[in-house]
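In the two assemblies presented below, subunit A is common to both, partnered first by subunit B and then by subunit C.
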Partner chain A sequence: MKKVYINSAVTISAQDTFESDRFLKSVKKLSGKTIVARYPNYKDYIATANLRRMAEGVKMGVTAASKALKDAKITQPDAIITGTGMGCIDDTEKFLNAIISNDEQFLTPTAFIQSTHNTVGAQIALGLQCKAYNNTYSHAALSFEWALMDAQLRLQQEEAENVLVGGYEELGKEIINYRRMMEDADGFGIQVPYSEGASFFVVSSEKTEHSVELIDMEAHSTLSTTSIQDSLKQFLAKNNVDISQIDVFVSGRNGDVFDSYYDLTAELFENITQLQYKHLSGEFYTASAFGLWTAYSMLSRQEIPEAMIFKGEIKFDNHIILIYNQFKGRDHSFILLKR
Partner chain B sequence: MTELRQELKEKIIEQLNLEEFTVADIADDDALFGDGLGLDSIDALELIVMMDKDYGIQLTDPKEGKEIFKSIAVLADYITKHRSK
Partner chain C sequence: MGVAITGMGIISAIGHSVEENNTSLLTSTTGIGNLQHIQTIHSQAIKAGEVSLSNAELTRQLQLPEVHNYTRTGLLGLFAATAALENANISDLSKYRTGFISSTTVGGMDMTEKYIKQFDKDITAQKYIATHHAGDSTRKIADALGIKGLVTTISTACSSAANAIMLGARLIKAGKLDRVIVGGTDSLSKFTINGFKTLMIQSDSICAPFDAHRNGLNLGEGAAYLVLESDAVIQKEKKEVLAFLSGYGNTNDAFHQTASSENGEGAFLAMQKALEIAKLNPNQIDYVNAHGTATPNNDLSESRALQRVFGKKLPDFSSTKSFTGHTLAAAGAVEAVFSILTLQQQYIFPNLNFKTPMPETGFKPITSGVKKETQHVLTNSFGFGGNCSTLIFSKA
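Take a look at the complex of A and B:
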């Protein structure tokens, strides 16, 4: 079975992460209920004529994908796989509101066409004139993970050599406010702003100078607090990785009551540097793709940003990173990287 | 008629997200499709819905649309003659 390498990683997020080479050196403290991403100059990546119909999620996704391919020196991937929880929610809101305000008449095509979850994958393919395998996964907080797993399987089974895989989410304008209201109702909810972003990766079966190996990944829709430690131990054992070999543990803490899952897993990594990232990215269904970007960057650059430290200290010479994410006690994922 | 032409230019810019254009950039006789504003078939669908919704004009013959959407001047002229609202 072929190995899987991440050969490039690009993210557009609430931080200055897209074109900056300073890897989270000067971070913006996120506050408020929602926070938009720092948008790049899209015109450098997308023709103006195409930009006018694209909502923010499409623009972010196509731009991040374009740069990920360029960084990996790939012009035509063998597959384009995306993950998104809410899809193109901005255009979805537009045409649903139009249905209501126009009494179910006069529906215009643009918002409807652009509202589907696979719009980003389709627009990337159209831009590249790429007729290869193209798929989009939408499974709440495991959307990106299923996309990544599809890429992993394709590479391992030699059905592809270079796969473009990514996750994207846009805030939209309306539904996000109701979600935030529900979140803030009891005081036990998510303590970071809801946000948005797009993270894209080129994963390949061939190693390059900047490669980080994706040792393995695993996803579980449900896991109980009593089984989380054993599940993680089994995942590591399956990959012949001992807990003591892990240099850095990255978790998707967002301050809600379900951080108890991270507390339980952290017990296994008492003497290991523990990091968090959602105070930097905000929370959204594919925020774990931002987490993967941080882990890839840490290994390829051999740097740990101080802003990510949850417990422990900055270490050098890191080789294995474990990323664990969950959302509301569901949609658990483990991703193991090595350099 | 001048008012209607101005209104149509504003609507087209807003509804078709022509961010690069202002009303002053669009001459009354500029071609809407092709070399002029560069509109395409999806824009044509948007315009057909706009005609129905805002002016009560239902276009059923695609060939008819090709002629009506030639320019702002032609479009305004057609709306003036056929509008029901």
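Take a look at the complex of A and C:
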């Protein structure tokens, strides 16, 4: 079975991460109910005529994808795979509100056309004239993970050599506020703002000087607090990785009551450096793609941003990182990376 | 030979079981008509393939508690997925690594569009805030069936279920799963009715795929799932195989966000890829269950693609959208069930309402049901965003 490498990683997020080389050295403290991403200058990546029609998620997705390809020096990927939990929610709300306020009359198609979940994958394909495999996953907090697992499968089965894979989310204007309202009504709810962003990667069966190896990954729709430790142990054993070999543990802590899953997992390790990222990215269904970006950057640059420390010390020689994310005690994912 | 199919379940405008769907197909009985459940000002101007059961009736038949937060998409999906598992005679899910791969385009839109303006204050409406996203119905169905591991949702517009079936087959082939339930579900919504209305591709009568005077599609709703099992499980459990999924292809037309290219490039490539995986020559395909939505654009583009793949030896083909309407994300799974029925019965279902060949190709679909020796069936699903998928099913 072919090995899988991540050869480039790009993220647009609430932090200054897109064209900055400073890897979370100066971070913005996020507060409030929701927070928008730091939008790049899209005109450098997308023709002005096309920009007008695009909602924020499409703009972020296409832009991040374009830079990920450029960084990996790939012009035509063998597959384009995206993940998004809420899809093109901005245009969805726009069209829905037009239906409601005009009693189903005098509607124009633009927002409807752009509202399907696969719009980002489609726009990337259109821009590249890429007729290859094209797929979109929309499965809550596993949307991005499934895109990455599909990419892994294509590379392992030698159906592709270079796959463009990414996750994106836009805030939208309405449903997000209700989701926040419900969250805040829950005393044990998410403690970071809801946010948005786009993270894209080129994964490949070819190793380059910037490669980080994706050893393996796994997803579980449900795992109980009593089975989480065993599941992780089994995953590591399957990949012949000993718990002591893991240098860094990156978790998707968001301050809600389900952080207990991360605490239970951390118990397995002695003196490990525990990192978190959702206080930097905000929470959204594909925030874990931001988590992967941090892990890729840590391994390829051999540096750990101070802002990510949850517990433990900054180490300087790191080989293996474990990323674990879940959402509300559901949709668990393990990702194992190696320098 | 491909990946074995051991069960199927379906609910659509032409029936609530595989048997009922089959009967409607055999008797040329369309399910397209006037809307019963959805309230829309366009109800006089369109015809649609609505599932006759109301949400309350679905709830009762599924033996769910009266108060729940299933959307119609979730109810239809659970109905068909449960039937698929039963059909495959599977009761103990823990025995093998079992996955669930669903697909939807509208997700929980049917409830969102009803209740969004009450979300701020109405406590009874608030339970639908969390059901809008596409993964909601999938997760509910997986939980109800007891599937805990690999569970996901694909959303590539009208090619979604074909891609779900394809992913399931790839996971089985790669040895990552022993068994997987694959398919899709979509309910009708004001959102899609109005969306297709703005595109002016919705017919006011029962659609006429591949006809020269075709004037658009009928929307439909429904859900369908297949059970795929590995060769090892088939042997161990001595399972009866309904048919094999022998080929699949996924490509992108990369032409336009909604329209298909004139020469059907994406469709052509998807069919080629599927033939390649199935290791079949075009002349080995006995029947094509076409995407055939009856929009002027799709049917011409698909015809051109068929012409390019099959040359002068075009196999028998028909579109069954004139029975069910276009069930969007579910279409690929609905038509997979029909393709398998064709293989099982050696019988090709007709393309209703066809009268005049389109002048560009002169293609004539099968217009009345016909008995025919059928080894391999190819079926197409294309969607917005240029997503094109082809599946090939082979006789067990």
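Going forward, the second predicted complex is superposed on the first by the 338 of 339 C-alpha atoms of A that agree within 3 Å, B and C clash if a C-alpha of one lies under 4 Å from a C-alpha of the other, contacts with A are read in each partner's own complex, and residues count from 1 in each chain.
We take it that a residue touches a chain if its C-beta (ideal position, glycine included) is under 8 Å from a C-beta of that chain, and two chains touch if they have at least 3 such contacts.
Quick caveat: nothing in here was measured; it's all calculated off a predicted structure.
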item	value
Clash or fit, subunit B versus subunit C on superposed subunit A	fit
Touched partner set for A:N50, first subunit B, second subunit C, both or neither	neither
Partner chain(s) touched by A:T108 [first = subunit B, second = subunit C, both, neither]	both
Subunit B versus subunit C as contact partner of A:Q229, first or second or both or neither	neither
Touched partner set for A:Q191, first subunit B, second subunit C, both or neither	neither
Superposed model, subunit A: greater residue contact from subunit B or subunit C	C
Touched partner set for A:G87, first subunit B, second subunit C, both or neither	second
Superposed arrangement (fit on chain A Cα atoms) - minimum subunit B/subunit C Cα distance in Å	8
Common interface residues of subunit A - those touching subunit B in one complex and subunit C in the other	105, 107-109, 113
Of subunit A, residues touching subunit B in the complex	48-49, 51-53, 102, 105-110, 113
Complex contacts: residues of subunit A adjacent to subunit C	80, 85-87, 92, 95-96, 99-100, 103-105, 107-109, 112-119, 121-123, 125-126, 128-140, 142-143, 146, 150, 153, 156-157, 174-175, 178-179, 181-182, 219-223, 285, 330
In the complex, subunit C residues that touch subunit A	40-42, 100, 105, 107, 109, 112-113, 116-117, 119-120, 126, 129-130, 132-136, 138-139, 142-143, 147-157, 163, 167, 170-171, 173-174, 176, 190-191, 194-195, 197-199, 250-258, 265-266, 269, 383-387
Subunit A partner contacts - residues on subunit B that touch it in the complex	15-20, 38, 42, 45-46, 49-50, 52-53
